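Labels run A, B, C and D following the written order; every chain starts at residue 1.
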């Protein structure tokens, strides 16, 4: 069961709120301070991607972010409802650069996530994509 | 439709997260800076109350806080699932003081809420209590 | 921010300097501190709230509980607070009529009314 | 924190000093700035990122877009950054191979490679 769950309409401003909550909840469950930055960035990327695919698909449902700590792990999942087919490949960014525009590119953020986070799992299908990230907790301060 | 919705297991630590989100989301939708403190306190009180009644009733479902801005108003609702009968009276605190213990007292927080917030509505019933608070927005920065 | 607590003695008064946030999460710590003091015979308390950033009703409840405890021993519990945002919460709840509130620790320590 | 942008000219280079957070919310502002500069004929850009607190992939995308635009005019886009947390994001994405990254604005302004 998630400890904290956040859902928000797919707007860029709310991605900042999600980031802020990621670092706050992470700290609260005892995440090592050296990982807080990584969590903040990774959750932000996953949420920005979810907001992006839903907006480009005209899908207004709330993006859902769930935070939980179980068995000494801090788990964050980000769900979009953009359906199967919202791209989830992680491009080789160095190769891709020549073609890359500043236009929204959902794979770009996922590449950052997978580069940052050791334990990440991306599942695509109906009703959309789930990005699950996990980090070890050094201590369990509170839950 | 709520702009941002937060749900959390009924634990005191999460009340702090809810407060932090209340001020962040409030600022983001253009809440006047002079009201941010009031919103933070009021949302904290309503959440602390919800956590309290659920814990004393052994009800482990997530407390739900929804934030939205519509028609120039910032609306926050806090839902608990403690069922009808979770006290919602707002006691006259000055009268009550002699009997008051530091033990949890759900009406205490609501008294603070109703003292702080001009536009507040408390609805009790099944599956629980809903505290709805509203504040005027001076400007609509983003939504 | 978390709660910080410091205690010192001034004559027959015990001054508790509180900093940070007194809320549903940290209030149990303050309650313990007040209970410990009363158990150890400190019945005249001055709670300095000048460094408190945030106070909610759980915090108020703990202060009221402390007042009840010291009164059971003919004691006193005085507050030091000049912060408008904190004072407002005492006013809203009518607790300004229950707690003597002072502008400085010196004033609170020497008060006898 | 929001994004801050300041622009100045040093010889044939235009220095853009960026502060705050470059993310999905603020990146459009930076993109506009870069587009405006290129439209007004500034093709040799130095983006000073020393005051950037946060950078996400949307920000990277905008920088890559800027690079493409100046290259279309035989121009350059150099970055100034020594912050490890920011550099890490360029490394992860392989963009250290795409952007010349300098330790100081002076170094970037005088670079000709």
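To be clear about the criterion, a residue touches a chain if its C-beta (ideal position, glycine included) is under 8 Å from a C-beta of that chain, and two chains touch if they have at least 3 such contacts.
Here the structure is a predicted model, which is why all the values come from computation and not from measurement.
Listed by label, the chains touching chain B and chain C alike form an empty list. Number of steps on the shortest path from chain A to chain C, with steps defined by chain touch: 2. Chain centres here are Cα averages; for chain A and chain D they lie 25 Å apart.
Averaged C-alpha coordinates put the centre of chain A at 28 Å from the centre of chain B. Put simply, the C-alpha centre of chain C and that of chain D have 53 angstrom between them. In terms of their C-alpha centroids, the spacing between chain B and chain D amounts to 43 Å. The set of chain B residues touching two or more other chains comprises 13, 16.
Pairwise, the chains that touch each other are A-B, A-D, B-C. The touching residues of chain A, when paired with chain B in their complex, are 1-9, 11, 13-14, 16-17, 20-21, 24-25, 28, 62, 142-143. Here chain D touches chain A in the complex through residues 21, 23-25, 27, 31, 54, 56-58, 60-62, 64-66, 68, 85, 89, 92-95, 97-98, going by the rule given at the top. Within the complex, the chain A residues that touch chain D are 12-13, 15-16, 19, 37, 40-41, 44-45, 48, 51-52, 92-94, 97, 100-105, 108-109, 111-112, 115-116.
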